[in-house]
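One structure below.
Every chain is named by a letter (A, B, C and D) in the order it is written, and numbering of its residues begins at 1.
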Amino acid sequence: MPRVVVDVMLKPEILDPQGQAVAAALPRLGFDGIVRVRQGKRFELTVDGEVTDDRIAEVRRAAETLLANPVIEDFTVRVEP
Amino acid sequence: MPRVVVDVMLKPEILDPQGQAVAAALPRLGFDGIVRVRQGKRFELTVDGEVTDDRIAEVRRAAETLLANPVIEDFTVRVEP
Amino acid sequence: MTDTTERATASPDLEQPYGALGLAEDEYARIRTILGRRPTSSELAMYSVMWSEHCSYKSSKVHLRQFAEKKPDTDILLVGIGENAGVVDIGQGYAVTFKIESHNHPSYVEPYQGAATGVGGIVRDILSMGARPVAIADPLRFGPPEAPDTARVLPGVVAGIGGYANCLGLPTIGGEVVFDPSYAGNPLVNALCVGVMRHEDIKLAKATGPGNLVVLFGSRTGGDGIGGVSVLASATFSGSEGTGSTAKRPSVQVGDPFAEKLLIECCLQLYAEDLVVGIQDLGGAGLSCATSELASNAGTGMHVWLDRVPLRDASLGCEEILMSESQERMCAIVEPRRLERFLAVARRWDVTATVIGEVNDTGRLTIDFHDERIVDVPPRTVAHEGPVYQRPLHRPAGQDALVADEPTAHRLARPGTGAELRATLLRMVSSPELADKSWVTDQYDRYVQGNTVLAAPEDAGVVRVDAHTGLGVAVATDGNGRYTMLDPYAGAQLALVEAYRNVATTGAVPLAVTNCLNFGSPEDPEVMWQFAEAVRGLADGCQTLGIPVTGGNVSFYNQTGTTPILPTPVVGVLGVLDDVARRTPVGFRHEGDMIFLLGQTRDELGGSSWAHLEHGHLGGRPPRVDLDAERELAEVLVAASRDGLVEAAHDLSNGGLAITLVEACLRGGTGARIVLPEGVDPFVGLFSESAARAVVAVSRSEELRRRDMCVARGVPVARIGVVLGSALEVQDQFIVAVDELRAAHQSAFPALFG
Amino acid sequence: MTGPVVTTPTVSAGAGVDRSSPVGARIGVVTFPGSLDDRDALRAIVAAGGTAVPLWHADADLHGVDAVVLPGGFSYGDYLRTGAIARFAPVMTAVVEAAHDGLPVLGICNGFQLLTEAHLLPGALARNASLRFVCRDQRLRVESSATAWTSGYAAGQEIVVPVKNGEGAYVADDATLDALESEGRVVVRYLGSNPNGSYRDIAGIANASGTIVGLMPHPEHAIDPLTGPSRDGMGFFTSILRRMLTGTVGAR
């Protein structure tokens, strides 16, 4: 079945303690090449039937109202290849 | 700066209460076209310098050891276009 | 180009956006007079934020003075009003600090983060006094339970409080969950924190000792909450002169409880090694507040190199760095010879610490940004000599009609038969207002630290302070917007006496008071009248009860559109128990114990839960306040606990005797047979909300001593029944199984919130 | 936290102290950044009659302790996954090594999560089914008394101990679960309602030799009825002390 992915990330100006904790741990484990980490959410949605433009619009509305909190988060919607 | 994304999802056989809760909430909000939701994590890593194969390998090791728990999670690594 | 003091002198006529920053024209003029020139954009930022209602208390100051003026004669106050939090002597060399604060508006915008950062802020206040934070309480108020927005706000707020407090390792031991339509667009999220220290560990926010260093430590500074502190200042700096960038700034702060946990442990080690001279948390108004208050409190001067502040967002301009309300930061004054050790302790806890300034004796606060002077002000004028207003007051036009609308039997139908009483009780027990709150409190860790002796749903939270002696403290918070609406003077006192009674019910001696005054707009004379009356009532009440106000917080502009919330003073009372093993629990646990009702019951249903829940009615007068009776009742309850006379005690409040009995039965897992005193109307006896009352359970062998004690103190006492079986029976009226009560009591929250 | 040994027990007089327990065994409790119940674990050890030794996450030396407790809390904020970052603390290198050599280790809540992340115990702890943090007094059944930490209980004994967690659902694949069951390595199980959606109501498990035990409930908060629901949790601490005395640790 077709799958639509919604990626939700904190807005760049919002503090991301989760990403910070990971970024601080990496060098301690010897991973020095990663300079910055931001952590967000990924939703894999399985939609009913074909992925029409209407479906995408619906997912976008769902992302806006439920999956992401627009006050602090941005999101992107894409169809999984 | 170049960005590498690590997506971490619960293995399909592991219960995903967060995804389930979202899936249950969607129809209540009038979104009927989404039949299944799984929720995972997305890490955006900013790497130092160019995204060489070595860097990707490093990120892969970081994902394996830290970002994902292979007992319950799968991950994918990709370079953001 | 940076707006320097030099440039300010050279361009006196430059237009400045003071209005958009919330400053009135005469306030702006006063700043110019103080400085003898126009302020730089950084100075304007500082003054605007520090002279905002939130920071300067400009509308409330003239009223709050009564707390000091009417302070009862007592020597328990080690630190009084005016510091981050008051400090109370609880004996044996221990001191306790406690304070309540609001985070109402942020919690509406983003419930989880708003509530979480509210907890973070009050914890830093307590920490800055030198204390280890040991407990949290969270008085909360929301719109109608079934409103869709309440389903967004309430779960988010509760998860946010739990998410932050649990991660800090602070037990949440009390609070309130109240619903009223007036809070629909404006929930109240108040948070109280209690901290414990030895007398000698008290710290003050003072930048003493010229040559000492100003160290900023904790999280890096980002663009959080800029302008958020001055409630009126919706304008950003985009239009202002200077370096203010136009980048997007977050309107919401995100808390990092892990960073705060490290900050707590770091501070406690710094205190233990005596490495700080003075300390101040960064809350509202961020560095503007911390630097000006530290210097002003000490009467010294200070110089700050603002470019040394570690940033999370490199694009911040100097005004923004000064105003940022980034969380999890503290500012300490450190002797140079201790600096190295200070930094080592900070490193041990993974806390970033940076010297950003120096104390001097110039009497001025000067701030440089990349070698340019951007601030040069007398710190007192920023921190303590802000504007003070005597706002007009006006008794609301509708007040007389409201008070005249008594809930008489004639006006509101009362249940007459036993069956009606029973049905009324079951409906009320299952209403969210009176229902079991464990859906909320189960999300809070009440065990962490291993010292929690009582927590929700007990009358007050009790934590042990000293494991050897059993010394401990009790804390309770209460507020009743309906009572306060009907009579703000009495309403504030009723909040006070309820918290006082709750503390005494556990066996603790009430000692001190904190308060959070949640009201509408101070520019509305009718709101201001409510406020003035409430403060007067609270100050008078504290004076008569002999317990001082040690601090608090004012939250104005709580309104949806132009409709204010119910006036809601929330009062926290702290008490002490010499041995927490003597605490009295709420639950009826032993079959055969005799049940007594202490205090006098009158037909008092104005503002009651019954009138509200059964009739949607608010009118008449709230229950009569009798401070002497409250004090006598408290003395009896405390003495009874000390002498081991009572098995259980529970005060009477919302819903009256009926609800008190249900709660005591459910808590203890028993039933009770009740015989209402002769001549009492069953409905009034069960549902009236007369104050100064409590129910106690006494083992048969202690019955006489108990009665004697009450009689000796002049507290009315009536034996009303016995702990028995598995049903609550009110003789000649009705019987209802405890299981049925439990099902009704427990169903409300899960049904609403999942 | 700074001194090496807790000398003054911070426990109320006589509170749940088992006078018959052996004195002197040294039990370490690790403090990670974000540990919360470390003091309570120290207190419980002292109350049980042992010597409590605070251990520091950044110090790889176990200071010769006879057993280790990994306490509850939110190590490193638990932002990534519970226990995921703490697993790499220097002290854990020493703990893992010693544990493989038979050193008894008890992981409570965050400590359990950490033990699974460190692969000392199988499976993982996932988000509570309710998606909410839950703190309540929980009825449990001690399924196995054949571990270093539960030998003082009777198998099948019912106890009441607090649970308090947001990510306490024990998950593992069926093969692992079946193996745990058949090998008697399910140590405690939830009775009544399952607080977090753990598979097969599992509250705690052990390694094959019974030296390493992880559980979500907090026995250190059930050592004194004044500050907890019971003193039922005391057995975890007295069990290990008794094993020390009789020298049967790690040699089941």
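One rule holds in what follows: contacts are C-beta pairs under 8 Å (C-beta built on N, C-alpha and C of every residue); 3 or more make two chains touch, one makes a residue touch a chain.
Remember, it's a predicted structure, so these values are computed and weren't measured experimentally.
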item	value
Pair sharing more residue contacts (C-beta pairs) when A-C is set against C-D	C-D
Distance between chain centroids, defined by C-alpha means - chain A, chain D (Å)	35
Inter-chain centre distance, chain B versus chain D - centres from mean C-alpha coordinates, in Å	31
Touching two or more other chains - residue numbers and ranges from chain B	66-67
Residues of chain C touching at least two other chains	256, 258-259, 350
Sequence positions of chain D contacting 2 or more other chains	76-77, 79-80, 85, 88
Chains that touch, pairwise	A-B, A-C, A-D, B-D, C-D
Footprint of chain A on chain B - complex, ascending	1, 7-9, 19, 22, 25-26, 29, 31-49, 55, 58-59, 61-62, 65-67
Contacting residues of chain D [partner chain C, same complex]	1-2, 10-13, 33-34, 36-37, 39-40, 43, 72-74, 76-79, 132-136, 162, 164, 166, 218, 220-221, 226-228
Touching residues (chain side chain A, partner chain D) in the complex	17-18, 20-22, 25, 28-29, 39
In the complex with chain A, residue positions of chain D that touch it	76-77, 79-80, 85, 88
Chain D-touching residues of chain B, taken from the complex the two chains share	10, 13-15, 17-18, 21, 66-67, 69, 71-72
